[in-house]
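One chain, subunit A, links the two complexes that follow: it is found with subunit B in the first and with subunit C in the second.
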Partner chain A sequence: MSTVNEKITEKIRSEAQRLLSTGEVAAFIGYEAGSLPMSVRPFVARKQEDASRLVWNSFCVLNLANYLPALLKSFEPPRRPGDPPPEGPLPKVGILATGCWSRNIVVQIKENQVDRDRVVIVGVPSRGMVSARKVKEAVGERDIQTCIEEDHSLKICGEGFEQELNRWDVVRDNCKTCVHPDPVIYDILIGDPAGERQVQDRFAQVDEIEHKSLEERWNWFADSFSSCVRCYACRNACPLCYCPTCFVDDSRPQWVGKSTEQTDTMLFHILRAYHCAGRCTDCGSCESVCPVGIPMRLLTKKLNKDVLEMYGSEAGMSLDEPLPLTTYNPADPQGFVLTEKSEKGGDR
Partner chain B sequence: MGTTSEKNWEPKIVAFLCNWCSYAGADLAGVSRFQYPPNIRIIRLPCSGRVSANMILDALRSGADGVLVSGCHPGDCHYISGNLFARRRFALLNNLLEFVGIEPGRVNFSWVSASEGEQFAEVVKEVTDKVKKLGPSTRLVKRIG
Partner chain C sequence: MKALKLDRNAIGQWLSNMAGERDIYAPASDGPAKGTWTLLTDYSMPEIKPGVPARPVKNFLFPQPETLLKFSIVPTDPDCCLPSEPEENGRKNVVFGVRPCDARSIGLNALACKADTYYQANMDKNAIIGLTCSQVCSTCFCSETGGSPMGTEGCDVSLTEIDGRYIARAMTERGEELLALAESFGKEVTDSDFSAVEALEERARSGSDEIRNPEEQLRKKDLMELYNAPFWQELADRCINCGACTFLCPTCYCFDIQDETLHGKGRRIRCQDSCMFPLFTLHASGHNPRGQKIQRVRNRFMHKMKYFPDRFGPISCVGCGRCVRDCPVNIDIREVMRSLLNFHDMGSVTP
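Showing the complex of A and B:
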């Protein structure tokens, strides 16, 4: 009796094998087993023999869409700015995509980073990914040597202990509040679609902070972001961050200082989140890769909430709808504008 | 930036004004001799759509006690829709700053047309009053040493 994930792994391998052997794709982005328990490694299969290395489990927390634009570019002949686009069909790339990853691919397509015709998307409905941090907490930070995954439980073993955890208890917060687990675009679908999930209060974590007083919010921000070491793992793991030069690396003008001083760190996190406004799909990569456990996802979640409430839009849900910040509506809310509130003079 | 000794403290407010409406409005206020507080430092930009979050946050980081961003009224933009794109961005930034605990009133947005000299003076008064009530800015200010 094999588990759901083992069945998915099996199908992923056979699909990747087929795509690579027929030459339909030149490379296939997936995961291979990591060297530590509860870890997987993003992996680009380039030969059909590589397909058997692909795996699928509950620890696939990194968003694979992150690797797509650069990998596609690597198959293009080199050209200088102004040169005409290469002629003829370019090699395709296969990629695994859950709900949020596929939405990120949609965003990348809309932002002209990815050519839809050059990607073969293998959709996998997501069952929610597990937070390794939560697992470690659940076993009291003891050293974990093996982790055996069943459909609804995790068996954690280490020196002198063995513990069984309920899988859903250690699923990441963003997956628990996810409403779109199914890929929105795909060429091949593996497994059965899960359908839209009903979530009681998807923005509960954001609401909790919004209900605090101004002082409490500032203290929350200062406390929870103070341990940042500015490693930029959150930026590097983010499929939205593909700028050739990031604002944090700019030195003229230097918008954000490079130190771990409080203001520098805060400005970095405000701007990083703000750059994801209307584009973030709450995939949780940033939070999952953070070495010190900063809840930076709450900032992007807050922006997602505002975008949904004010502009009725969620990132990457369709290829036709423009991204919310690349469009406008004359009737957009503007209660925050002084001259609209004070009604002094003027004919408006 | 500025002295913090309580009695003499006067806020410094950075105003990003669009070239076509608000800057002309400020000019009109001056030409028409409307009095307004001398606390603002005007930076002229081509359009309110040119204002990025970087600029607003950089002003705060450099010690500005308040920021004012002002552009053409919706529908009157010299570039047709620059202010409408900007409006979405400002709304999100405004909410995000409040979410992380920046006092409401530090960063302000307004629409002032080229013919609204008097209204420009009013806006500056309103913003200056607000920032005076809030006191010197301490959050997101980079202190060296």
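Showing the complex of A and C:
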């Protein structure tokens, strides 16, 4: 058992217990143990006894900020559009937040989905989360019966095999290229800050695709997204997707077809990615939850790169910075606007 | 019924013989399409990993999408607004290497699709060659749902691997015809081969599963008590309402019908749909009887474990474990089944 995780788990439990027992929060969003090796389940603790169920390990891959807007709303009295906001203080919610999750909470606050005063953020510096898919591949897709996590290794066992993996080798790609592992906003910090990480080519995966020819890029897109089942797990695991009616769920008008044919699948993924432009923190939730292993994170990563290069902005780094795509500046770059001249050459 | 013993080379030759008349599909073992059913072009025994492939076999019974009819909306067309049959290439399929749970799902879905001529036509179009399981994976629970790792239900031919060779048993008339294509090179199945298969079947039967015949117990329970049980809230707390479980489930058969037109030419298609989506039950009035997440989560399990057995007999789950394996938030249908089986509403107990 990893001593790092054990210590963090203990502190999470005691903070959650305190927050729930004093009534400071009405609910606390964390993780509890799952029923399978390498699985944890998001868990909303509502009673102080629930706090002892909370756990922390390298498989906490689904971004918990995803639950925050709806959970906060569930504690508000029902109201119709146009009704004034309820009077008096509303119940608070506690939530765990790593670097990227905390940045998503910042985005939610700036987009008026979350009231800062109603959230108690328990920050946990991230050591990088593990990709269960990489682990499965590393053991040749054999059935995994147990996975024991140590500080720097994973011991995987199944029928007739036992294999030890270096933890960092199977850490998710987004975590490996993450430069902000510490929460940017918190009320309580658990563990020591990891500090800004130095990563050489953090956009290497994007560069590789950018360097392909137009045709190769198209083929990459077509092949990589061909097995999509349109389950929308990527969308539903995303803390940016809180629209009351998503464009794919709209029937009047219907923006996108329902089939799993190429046009419909590609349109969904492209639109989803663009809705995340300037807001995505590369938390990797989408890619981690995909049941068929589609690398849709690379689309948003490309947009993160563009927004950083064009507007010098990274999503959710501070509460004071304006949102890049809702702010107009006459000096904004215009090079991406398609003109007759650039159209034929496929210039970027 | 006919039975033959085939080694890997013989299977290859058999596949190649069948390919004359039918397209053969098997799960891809790697590449971006890993786990999806792909057209075989190389007729050798495909590599089939233990457990179920990522995608269920239902995609052959409910093609994605299925064109039901075609039409034109160009006023000058003589057949404007008249429906026409979609073109078919007329080829039939062999679906090879189907696990017993997946094969069993075809018959379960047929209970609900008796009057569905498209489903019936697809059953006719697709011959199923099953492959029994020598390994029960950590997410498998077929024997708790009425199936077996050695099950043959839904198969035209069932293969069982014994010491690197396959005992192929025809289970239907169509299976007999297909297996006849291996007659000239297949070996005779000896009595000791048959007893080896029987021994495996016996071992599967004597498994230590806690649950047997859940449908009988579930049918006896009161529907409204289960509906109002307290455990749905905790499931809804973590469910993100994606459709991964429903699209990967071999026994989720709900669909949506859409008319699509492009440049005046239209088609009516049906696609798989998911009860996890808010659009699933949205009425034209704007009212949604399952407008909340908890109502949608509950529906999926109540449908499989209560409404379906009440109406058709068995539960609508074959224990393939795909939803357990791939749920982003680890909602484990085995736990839900136990919660339903163990639930007693204290309020309704009369002294």
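The working rule: the second predicted complex is superposed on the first by the 333 of 348 C-alpha atoms of A that agree within 3 Å, B and C clash if a C-alpha of one lies under 4 Å from a C-alpha of the other, contacts with A are read in each partner's own complex, and residues count from 1 in each chain.
Here is the rule we go by: a residue touches a chain if its C-beta (ideal position, glycine included) is under 8 Å from a C-beta of that chain, and two chains touch if they have at least 3 such contacts.
Here the structure is a predicted model, which is why all the values come from computation and not from measurement.
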First (subunit B), second (subunit C), both or neither: which does A:Glu261 touch? both
Classify the contacts of A:Glu49 with the two partner chains as first (subunit B alone), second (subunit C alone), both, or neither. neither
If you stack the two complexes on chain A, which partner ends up touching A:Arg230: first (subunit B), second (subunit C), both, or neither? second
Between subunit B (first) and subunit C (second), which does A:Asp117 come into contact with in this model arrangement: first, second, both, or neither? neither
Show me the subunit A residues, by the header's touch rule, that subunit B contacts in one structure and subunit C contacts in the other. 257, 261
Which residues of subunit C touch subunit A in the complex? 32-36, 49-51, 54-55, 64-65, 135, 137-139, 234, 237-238, 240-244, 246-248, 256, 258, 260, 269, 271, 273-274, 277-279, 282, 324-326, 328-332, 334-335
Complex contact set, residues of subunit A against subunit B: 209-210, 214-222, 247, 253, 255, 257, 261, 263-264, 266-267, 270-271, 273-274, 277-278, 299, 302-303, 306-307, 310-311, 324-330, 332-334, 336-340, 342, 344-346, 348
Residues of subunit B that touch subunit A when the two form their complex: 53-54, 57-58, 61, 73-75, 81, 84-85, 87-104, 108-113, 116, 118-119, 122-123, 126-127, 139-143
Name, in rising order, each residue of subunit A that touches subunit C in their complex. 34-37, 39-44, 62, 66-67, 141-145, 159, 223-224, 226-227, 229-233, 235-237, 245, 249, 251, 257-261, 288-289, 291-293
